[in-house]
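Every chain is named by a letter (A, B, C, D, E and F) in the order it is written, and numbering of its residues begins at 1.
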Amino acid sequence: RHGQAELSNQVGAATGLAYTSVGGDTLQIEVSLSAGKGKLQLTGKLGDVMKESAQTALSYVRSNAESLGIATDFHEKYDIHIHVPEGAVPKDGPSAGITITTALVSALTGRPVKREVGMTGEVTLRGRVLPIGGLKEKTLSAHRAGIDTIIIPKDNVPDMDDIPESIREELTFHPVSQVEEVLAIALEESNYAN
Amino acid sequence: RHGQAELSNQVGAATGLAYTSVGGDTLQIEVSLSAGKGKLQLTGKLGDVMKESAQTALSYVRSNAESLGIATDFHEKYDIHIHVPEGAVPKDGPSAGITITTALVSALTGRPVKREVGMTGEVTLRGRVLPIGGLKEKTLSAHRAGIDTIIIPKDNVPDMDDIPESIREELTFHPVSQVEEVLAIALEESNYAN
Amino acid sequence: RHGQAELSNQVGAATGLAYTSVGGDTLQIEVSLSAGKGKLQLTGKLGDVMKESAQTALSYVRSNAESLGIATDFHEKYDIHIHVPEGAVPKDGPSAGITITTALVSALTGRPVKREVGMTGEVTLRGRVLPIGGLKEKTLSAHRAGIDTIIIPKDNVPDMDDIPESIREELTFHPVSQVEEVLAIALEESNYAN
Amino acid sequence: RHGQAELSNQVGAATGLAYTSVGGDTLQIEVSLSAGKGKLQLTGKLGDVMKESAQTALSYVRSNAESLGIATDFHEKYDIHIHVPEGAVPKDGPSAGITITTALVSALTGRPVKREVGMTGEVTLRGRVLPIGGLKEKTLSAHRAGIDTIIIPKDNVPDMDDIPESIREELTFHPVSQVEEVLAIALEESNYAN
Amino acid sequence: RHGQAELSNQVGAATGLAYTSVGGDTLQIEVSLSAGKGKLQLTGKLGDVMKESAQTALSYVRSNAESLGIATDFHEKYDIHIHVPEGAVPKDGPSAGITITTALVSALTGRPVKREVGMTGEVTLRGRVLPIGGLKEKTLSAHRAGIDTIIIPKDNVPDMDDIPESIREELTFHPVSQVEEVLAIALEESNYAN
Amino acid sequence: RHGQAELSNQVGAATGLAYTSVGGDTLQIEVSLSAGKGKLQLTGKLGDVMKESAQTALSYVRSNAESLGIATDFHEKYDIHIHVPEGAVPKDGPSAGITITTALVSALTGRPVKREVGMTGEVTLRGRVLPIGGLKEKTLSAHRAGIDTIIIPKDNVPDMDDIPESIREELTFHPVSQVEEVLAIALEESNYAN
């Protein structure tokens, strides 16, 4: 059932770690592209902060398209839809920023996201990764869902002390300060040169 | 009177199962196409979650147009109107996702929806079918309306225990995990090759 | 004074039956066309359900233009304004659906609406006519206004028992289940072949 | 000071009679045209009903442009601004409908509005003039402002009994049922053939 | 510091007199033009009435462009931004109408606004100047800020009695009834023929 | 960790000083450009006053593009996104005006912002710098974050008395009255002639 890690690597979908009043959870970020004119659609009962986070992720990708191996005119050729399933559950906050960026780059490059990777971190326009809250709860939930590789903001390293050692030992943590590092860890190699 | 199954197979209309505070109900999802420029219109006193569900269904269809046998440029040629009759009754939630997808694909391919089929399930951008609530009440209402084939999310199979055995035996259940399975069950074969 | 039936057959105007907290009433639906680009304007202090009803009526007409004898590209050539006079009186609900459809088809075909006809019924995207409330009050009000032919949804036939027999005998009722029947009853024959 | 009749005939401005909780008042409807693309701007702290009334007046003019002696493509060539001065005073209601129509036709034809004329009446899409409230208070206020010719809806004729005879005798009343009659009374003859 | 008159004549900026619950104040109206397509931007925490006042001022300028010596197609070539500094202070009301008109005409003609002039008055679409409130407080504040020439609506002349004689004697008042008079007083002569 | 000065000079990012109910803080203003059509996107949970401040900064840059060494048609070629990280923290007020202007000019000219500079000040359409509140708290926070050069509005000079002398001596203050002065202080020299 859902709340579990993906069964295979996926293009255009990445796993984020969420933190709500009732504990940690995992969530999927799905991105679809359709022939279009650059319209961005955001669904899944997202709050304003999460919508702005998605817009920031998209602008990061647009202004860094060339170095990411993406056609610089993609914004004129596709409509982009970002959806976060379980459409009746409200979601908010900036901490899915790097997950959204990863799903976007995956969809636009065709590089699959490794299924065993989960991640959490705010992203800025320049690709900096900012710290988030609830690392302990997020990690426990990711562990329960079968995730074994977790990308976290470098500024959250001190919070790793709060995670029970038995869990921590079963997981691989990647602290990062730039979203380029996230992409290098989470995306499969491209099969062909860009 | 209404609250009854359709009398014949229809193009562009599918039967969903709804669940409200006063019990289960069936609802029709109607789709009409007009020469246009890709405008999506949603009516029938739909809440925000249901509107996002329809947008998600449409994006699934757009980004999978080719494999669904639909012209990939349909979005530039038609305006699409999705209406849920009984316009004064508020409706919400994500559980009509697969019904909306079915009605859309029917309208766009011309393949009729089998009149004896009812369905319930959230759909994601990638076509995954997620579990819903109120399966018992929905099933009882569908049975009363003359539906005899019911498509449900695979993750709702355990909830089938709650349906009285006498009713359950008169119905055929199809548990599914991808919306492609829904379309194979609910739509008539196309009369001509795509 | 107003609250009376029209004095002559009109193009682009039809008489609906309304039901408010203070009893039944008749209302005029007016449609005007101007050279334009497909903009739909809705005025007359209409609630959201009534606005959606008008949008549904328009989509029905657009997607059935050919069989209605209307140029299929009308939507690109005209702006359409639907107004319900007595602009300070709030109006809502789906029961003017068939009246709006009739006024639209009249305006687009030039066929006048018979002045002695009043009507009430929700319309769906596929042209089905759904039942409405307040049939008794609506009928009494229409009778007072000089209407003698009333189109009602087939599912409302049982409610005709509630109308005093003395009134009922002075009126002709047309129960219908599809809006095509409404148009056949309410519109004058076209003077020329389509 | 304001609250007085205009000193000369004006193009694009007409005098309406208003009725508020503190009594009757006169108001000016001003219309300006600028080279543009059909944008309608409405200012003067107007309520929704009054805005819809202005949209209805404009649609009447657009769909009757030819018979009004107005170029049928004016809507593509001009932006239209309708303003009601004393911008801090809230105004609402449909009773300025015929005044707005008059000011619009004056601006679009160049025919001046006779300065001694005041008017009140709701207008419909088809140009019918519907009755209004507060005739007595409106008339007294118009009289104080120096207006001597008042156009009223035919259905308000019975309300003329409420106006003190001394005032009534100093005024000329024109009861009308169609806005074409309003234009014939309020506008100066065109100086040149259309 | 601010709250003082400008040190030199400025193009595209004019000084208005404001009146708030805590007394009179002066405010600058700033106008900037950029190559564009006729977009109007209004900033400075302006209330709806003040925004409508700016739109009315702009329409006055557009429809009188020729007689004001402004290219009649300016609206297609420039985006116009009107800003009222001290962006955190809410501002509202129609009394900056003539100040906005003056700043607009200055920006569009290049004629500087005389730095010693302050002004207050509502403007209508036809350029009439309507009376305002708080003349005494506005005048005292303008005097404190070093303004010595004040343009006021003709209908506010009786309110000049309320201004202490010692102040009144140090100021020059220009009562006006049309905005053309305002422009003649406040703007420097153009250096070149239009 | 964040709350610290940048480690290197950056293009398109500048450090502002903020003042909230819980004391002073520093914030980064990030600007990204993408090939586009002049759309302005503002994110970071910004209040209306801060959004208007960004619009004012952009209009200043647009109408002074030539003298700033920026192509005058940049607005037609780029979409501009201004983001203020820590997306969940509400931010408002006009005092980031000069910081936004600096980040914009940096992004559009390619001139890096000196990393040791922090700044605070409202900007007007004409580039005037207006005084702000909370100078003491802002300065203490900037000092803690490693900033050693602070640009302040000239009208805030008297407020420097409130800053403890020990801190004041470690900082260099630049009082300014025009935003051109800000740019001269904060931006590195361009490497090539404009």
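Here, a residue touches a chain if its C-beta (ideal position, glycine included) is under 8 Å from a C-beta of that chain, and two chains touch if they have at least 3 such contacts.
Bear in mind the structure is a predicted one, so any value in this text is a computation, not a measurement.
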Discussion item. Please tell me the distance, in whole Å, between the geometric centres of chain B and chain D computed from their C-alpha atoms.
Written reply: 52
Worksheet item: Just curious, how far off is chain C from chain B if you go by their C-alpha centres, in Å?
Response: 30
Worksheet item: CA centre of chain C versus CA centre of chain F: separation in Å?
Response: 60
Worksheet entry | Numbers and ranges of chain D residues touching at least 2 other chains | none
Worksheet entry | Chain contact topology (line, ring, star, complete or other) | ring
Discussion item. With touching defined as stated, please give the ring order of all chains, chain B first and chain C second.
Written reply: B, C, D, E, F, A
Response to the item:
chain B contacts chain A in the complex at 48-49, 52-53, 55-56, 59-60, 62-63, 72-73, 75, 93-94, 97, 122, 124-126, 128, 130-131, 155
Worksheet, complete the sentence: chain B partner, complex, touching residues on chain A are 1-2, 10, 12-13, 28, 30-36, 41, 43-45, 79, 81, 83, 85-88
